[in-house]
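Sharing a structure, written as structure tokens. Questions coming.
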């Protein structure tokens, strides 16, 4: 088990592919994406009820044990979030090496 | 990045709307909801396999940087959980301000 | 509220039932499973787009307040992950007793 | 009589239900995806509602229709009351109330399977029975909650039961919404209205969705119901055990109360002079127990009732019993009552 | 004229749209699962595309067809321009551009409902109108972005608008992909190609999916659209309020611009000498506003535009208006223009 | 002969497969929602199973049928053995075993597309071929695992391979469940039983689900398969590269082994004196490789085998090859063999 950061990003479904490409560019070691997430935030209710994905969210989970990469990821997604909405949380965890 | 609490609540799908309304009343700054969650707990297996939502869970994720609100939220959802089942976890995180 | 560990496991959808049975055997107090998760890792892109579940992931979330059980769980899932891929993260949280 | 059972047995929907149950018991990973299963249930309500509405538009709404509807609602109000007091012999107020509501209400899928049985038998039936079904869904929910308030509302956990406000008062607004605006009740009633309004011209436009694929899609839905029912059976025995060895009582209830209700329904149908098909459908409605509308509403109105009791009882015991044995048995009963 | 409205009113798809809206307004929990709703929308595009392609394969592609397609594309290029300058009177460049693109493009579901209206009226129509629809989807997206770059690209947030690179340049590759390879555009065009290639022999193989259940499935899809539209209405008034009390302006826009576009469309149809059915469908296309293809593309190309403005305007105002009043009104207009 | 290819090319299911592939290659965001795609696959198994069962109920189960079924199972046992030793030339035991199982088993969707080809050609075929298909699904799974145990079970990771217990023993219970109670195997067999039991009376009740929309829904499913196959192609080349430059070998295998198996299948069909349609379907079965049942089972039984090899090989190479070229080629072969 080694220490790592857990980055969670809630973002609009329509931007999933773009964020994934950005994470690849920025050197994320991997990521997982949860789909069909609804929610409420500054831009009001998003009920995940609509066929375009415009009112649906997804959640990215990124485990990263390199702090330099973590900083790069966070700074790299910041402009996307400030333009398109969403949130980003960073927390501590231990990563099981198998 | 500012410190915040991450509240996670696993609750039955049928109670999603009610919990969301309660969170609004209690002043949650926002929340995200993951759907179609299965699980096992004190009340046995819940296989997310059934059309009423009675045996399906959802997960609420709430980021909140005001500790007074966190306390209010936790106390406010406690009676729902003790009557209807489910769990609530609170952990530390950093919230990216964008 | 009592301290506990939050274990998160990302694993292939096809192995969901097997992991759940393993967790039961190992004495997990409960778990929640998020479905339809896509992602990228050492084994490349998994787009959750395919009918067998072979390229789809799920996420297990386990709250456990007994450290001995946590160790047993982590050691018990390690061989599954090393053979089938996936990741396991452990973090700290508080568990609301209701 | 034997032949009624055999015809019933050879019906694809029934066989797919048991195929699903077999899959679950053998622990196959066969599963209908949850969102599609949900959609199939909505489809069945949509189709049966529309068909009923069109049939209504073609019949005249006279006094005899009104009396059938009134009798149906009356039945749906009486059953939960007697069931509640019966259940209180062994169970606490929340569980008794929830199970009583479950058996007082009806199962749209049982009704739908009944209509396909009646059609296969070549018996005519009237569209207003769909209206009767829709009207029978909700009253038991309200009555169950009322009985609970009357008999248990004062104690313990119950004081924070409604509206979560801890003040022990019923939130009638949301109770009404859960009883009458429940998605499945709303969809049946709404589709019935649309069918009634657009009549046979409307039917011509949608019949290749509403009519033709009905039995085939019912097969696929029942395949899923079979899987789910078999999974829940084990849960029932565990939960009933945990609740103090009530399994025999609950199984007895789940088999005998539908029979009693069927007798009530058949007697009403006979008294009102209904035809064979109509009387049989009313009997099936009476005998059926809800496993979609009521459980969803009960989780909101009465979360302290254990869904591992009421849901498996109706879905995994009463429903297959009605499908396999009940429907032909009730048919026999109706034939016998109506024969001169 | 009155009778056109009444016929329209008695159509099941329209009534299910309003049933869905009623469910949402009454806060029923009725809901079509998201993945199924998405699939129903794909089905409608697949079916209308295939039908159009088969119809194309049976007609001759002569100069008159080309001129209709050219006029349709022309319309889809002109509308966003005038709409943008109109909107700039009250809104910032991003919102003006996104709304202009929304109204310059078309709504496939409105078109599809229009074809079922036209069929119900017994009017013949030509397959190339499906091609016109497909061609009208994308240009407005590109023009909307261009207008935005011309009029707002220099300021503030906008400098990091495209490609997220912060360099203020348009990423034409991904813009083109979002405009022309958008899933819904691609599926209509592709199905049209397959239909055109396989012709009536292909239609024989798939007609019980592509034709027969079309209106019934449209009912179920519109039920969902009604639910979603009613939910979004409230959002529109909140967002428009927050944007500085623009609600009356936006509502006026959402009702009057479609009317103006309808007049343009009808005039073009008349000038080109189209038949009643074709002219009506072209008018409906002109009047319709996108709520599937364009919103999805706008979120990628112009994330600073507020989707709580453009999506509810087209889905919750213009769409029901066209369904309920627009289609029969445009029909009246077309009859009046074409009558000698 | 050319005309067989052209007829095949003009079939909507095939064209929708390539439309989906084009969407993925052009990076369109077109996608069938996962749960619906899964349901469509279940639908196809349900429908083909039911049809086969009804056909069985109408034919007599004589010695010739038994010998076809036995030959089919024999083929499904022999193919994985020779394939395994061929693959071991270049690959480790786990990958060799998994790929051998994949090619020893069959693809229900290829079979289903084959039946629609055979129907389009106006050739009659017998229901017991569905039984043959169902019986050919599982043996290769068991044989693949046995070969792996025989040839690699002693080394490294493999010692904790089964039952995760680290004791190196095969868990026959769960292996059997994965091979024979696999959801797709179970659904075909079960639907076949129901079809066989209810016969043509059952078919009358469900034919507007089981028969009429079959090809149209196959189009939508193949659209999705095309998208997925094109996405996986890139993965295959990356993984095969990582596995030591095995891409040419694996591509050759994925194209030539099906051809060899087709010849085996056609010879058997000819020896057993089958009619043209039956012999062609048996040939198609032999040539097809599993991408639903086997991959799911392999992930459980042999997780160290790399799914980025065996899944893309069967889904993205062999499947489109069979669809586009294989089926008409095998038809030609069968015509040539059967011609006097």
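Labels for the chains are A, B, C, D, E and F, by order of writing; each one numbers its residues from 1.
Throughout what follows, a contact is a pair of C-beta atoms (placed from the backbone, for glycine too) under 8 Å apart; a residue touches a chain by one contact, two chains touch by 3 or more.
Please read these numbers as outputs of a predicted model, since none were measured by experiment.
Any chain touching chain C that also touches chain E appears here: A, F. Under the contact definition, chain A and chain D share the contacting chains B, E.
Both copies, chain A and chain B, contribute mostly unmatched positions to the interface they share, with under half of the numbers common to the two. Two chain pairs are in question, B-D and E-F; the one with more C-beta pairs in contact is E-F. Using the mean of the Cα atoms as each chain's centre, the chain most removed from chain A is D. Chain centres here are Cα means. That of chain A falls 32 Å from that of chain E.
Per-chain Cα centroids separate chain B from chain C by 19 Å. Per-chain Cα centroids separate chain B from chain E by 38 Å. Multi-chain contact residues of chain B, defined as those touching 2 or more other chains: 34, 36, 48, 79, 82, 91-92.
Each of the following residues of chain E touches two or more other chains: 29, 31, 33-36, 38, 208, 212-213, 296. In this structure, the chains touch in the following pairs: A-B, A-C, A-E, B-C, B-D, C-F, D-E, D-F, E-F.
Across the complex, chain B meets chain A through its residues 1, 4, 6, 20, 24, 29-36, 61, 63, 91-96, 98. By the touch criterion stated above, chain B contacts chain D in their complex at residues 12, 14-15, 18, 22, 36, 43-45, 47-56, 79-80, 82-85.
The touching residues of chain E, counted against chain D in their complex, run 10-12, 15-16, 19, 22-23, 26-36, 116, 120, 208, 212-213, 215-217, 219-220, 223.
Interface residues of chain A facing chain B in the complex, by the touch rule stated above, are 8, 10, 34, 36-42, 48, 57, 59, 74, 77-79, 81-82, 87-92.
By the touch criterion stated above, chain D contacts chain B in their complex at residues 31, 34-35, 37-38, 41, 157, 160-161, 164, 166, 227-228, 231, 235, 238-239, 291-292, 295-296, 299-300, 303-304, 306-308, 311.
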